[in-house]
């Protein structure tokens, strides 16, 4: 018993030290965002700013229109999350609840596409959008979300649906429900946890995406947060007080979202990784 | 009976329509596109010109960046996945113990996962800065000299790798959940037989978690081979092409140098490579995989 | 009556103008203010500005070109100007200047012998220095006229006396700790298009001024390149390339005593140095050190109108207004640009009109160190006459860090890339 308790203290100590190290970059970003450039470049580096320079944020906002970027990012992210939830659920329903010809082949193709690295096809997809006449803007970024939302999400959804007894479908069918009603009114409420998790992760994925906007968004007033931040760094590479302020503004929403939906994040991660 | 079946089939296909369209438009057609484009010279605004194997010949005989990119990408993926998996697993083992504030600690380790990579890249680049960065300052305090983290081609990839591993909060959570799923009875059985912690690990924990580890290592390898943001946002492939990771190289060749045909050729080779790596991991995994019930 | 009605109902033509900004917001804001002035001065053309960071500008333009979404007109990056002309993307703007009032010949971009654009301003490379550090070390300031230019050795000697480690020792003292330098005596800019100037100074160069021959592999070029690298490797007076790239803007670098001498373009006076004057920055301007001849580079971004524009006349109208010096006067007097017309250099009165203003240093220093220097000792950066400078530089730049870091010699490096370089050069040089 005594030995066990010693291990616990040791583990806790190690975890606390590593945890502080893990948190440190956040702290550094926050602290730098309140300093002047002279302080930031000062050596040896100081732990805390002399005064809290809130005007770093106000002046950063004149060059880094966070509000506009936020709007743009939401304009892309929210429809995309909706599209993913909708179409992956639809596909998962078909693959788990209905018998139809070629079902096994289609499912195999879906699984196979899960392993396809997305970045190898950015070039032909870009050229296709150019050919279609929509080479830039939000549409190329939102459209793919409505096409099944990614094999992985379909797979996850399907796993969950398979765990729900088919008797519920039967009961609803006897009551005269068609497929849509069965899915929407019976099944979806039962798989809400998985859907929330899928939604959260899709949100984070779209929120943080950089390569998509780099390719498809050329107008400055349509930039997303990630893109705006990257541009900001490219342009004002050494004005660190402004860059740190902009970074804090960009990272803030993600952190807040996490604390709001912690439970679903953790559950979702577990689902995605354990695959059970 | 048949009418019901075909009605069902119709419904199924309708439900699957978006996903099937997605498969066609975003997986299969683009792969054909990459193949097709890789045989052309398609620069900027001009029309594509068929040049057979010309791109591939250039990649393997003349391109001075391609071999460097391959090495850099492999180095990064190997470093990140190996060390990152070990890190995540050890953290999970520690978190699995009776520690105070486990929930809070788990949150702390998970948080970096959701941070936008550009934001992380910016602050880490600043911490890595040779003259003003806090890392070198800390090293100086313990008497170690300055390391030119992002400025030296030997340390650049490890530096970016460490930053990437920092964001592996998701793997920590996954492995922790996996550990928590191991029935106590198994572990107790080892104790009864006189085994210690190492025995538990080697005979129960590791085998039971091997499917989880395999799956996540595979996902991690595929993801980290495709690393992009640090190369684009911080190092621009330098110093000396030591961080010229493949996706960034593809992006640069296509969108900066406007050589779309050539970029497609590189993409095709890259795709083949990832497929090969995935296959290898799957095949070799049979040797050390263990499914419950065997 | 009908004409008036027609006029009232005609909306102004929309024109998009793309330009870049360097490190401070004042640049983009200054440009926007000027554009607002243009928009307010007439109602036929309305210009919307797209400001893009300088770093990544070429990528942005290329992506837009590939997507068929080029703006109407743009500030062209010098490296891409000829390429765009060669790809037939630029509208002909030669009619914009009357024949007898064209800009200086040194500011003309030519393709196949014909002019295809003119720099929007003249820029030359200069040696900037922190006066207070020189005073503290009791050293004479760097020379401000080309005929008194320091030799490379004199440059190194001064730099060594100004380089300090954290214990206060200079590079000449015993026990000097090169791993802990807090003030670098000199940094000669190793930016990709700037550093070859040392080769020209030694009698070599990147390529011949007619663009027909590669010169980078001449012994003189290689020798100069190696001496440049040695500033960091051997003499320990310059920061490593990685350390340099993380340095803040020039004004902060000089103000915080990180560097005593630095090389950069004339634009720094208006783009960065002016920002730190109020914090006590005292800077001076001098000519570059020389090997055999005192030379500097001149450059300046041209304006371009893309052929894909649907508003050629409106764009021309804007660009003509925009490039007229009377309208850009603010950017000229605030130190960002030097004029492009010969008349502004004709006599002292004309020069004083635009040059005798802060943030520029006192006119006497500025005249010899900058104006005379630009008129008499400048050579064009090869992108004025070589089509495909960025592609050539991709090869040149591919492993150059190894030279700057001392992992390989300039001689070995140039020899290793020469076949590729020569092949690319031959494919792209003027016929």
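Going in written order, the chains are labelled A, B and C, and every chain counts its residues from 1.
Throughout what follows, contacts are C-beta pairs under 8 Å (C-beta built on N, C-alpha and C of every residue); 3 or more make two chains touch, one makes a residue touch a chain.
Note that the coordinates shown come from a computational prediction; the quantities given were computed from them, not determined experimentally.
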Category of the chain touch graph - line, ring, star, complete, other: complete
Pair with more cross-chain C-beta pairs in contact, given A-C and A-B: A-B
CA centroid of chain A to CA centroid of chain C, Å: 41
Mean-CA-position distance for chain B and chain A (Å): 16
Numbers and ranges of chain B residues touching at least 2 other chains: 131-132, 255, 260
Shared-contact residues (touching 2 or more other chains) in chain A: 41, 43, 126, 214-215, 240
Contacts with two or more other chains, residues of chain C listed in rising order: 63, 66, 68, 246
For the chain C and chain B complex, residues of the former touching the latter: 58-59, 62-63, 65-66, 68, 87, 89, 179-180, 239-243, 245-246, 258, 390-391, 394-395, 398-402, 405, 417, 420
In the complex with chain A, residue positions of chain B that touch it: 5, 8-9, 11-13, 15-16, 18-23, 25-27, 29-31, 33-34, 36-37, 42, 91, 94-95, 97-101, 105-112, 114-120, 122-124, 126-127, 131-132, 134, 137, 166, 170-171, 173-175, 177-178, 181, 211-212, 215-216, 222, 225-226, 228-229, 232-233, 247, 250-251, 254-255, 260, 263-264, 267-268, 270-271, 274-275, 278
Interface residues, chain A side, partner chain B - complex: 4, 7-8, 11-12, 14-16, 18-19, 22-23, 25-26, 28-29, 32, 40-41, 43-45, 87-88, 90-91, 93-95, 98-101, 103, 106, 109-110, 113, 115-128, 144, 146-149, 154, 178-179, 204, 207-208, 210-211, 214-215, 225-226, 229-230, 233, 240, 243-244, 247, 250-251, 254-255, 257-259, 262, 265-266, 269-270, 272-275
Contact set on chain C toward chain A in their complex: 21-25, 28, 50-56, 60, 63-64, 66-69, 182, 246-249, 252, 256
Residues of chain A that touch chain C when the two form their complex: 37-38, 41, 43, 62-63, 126, 130, 135-136, 214-215, 218-220, 231-232, 234-240
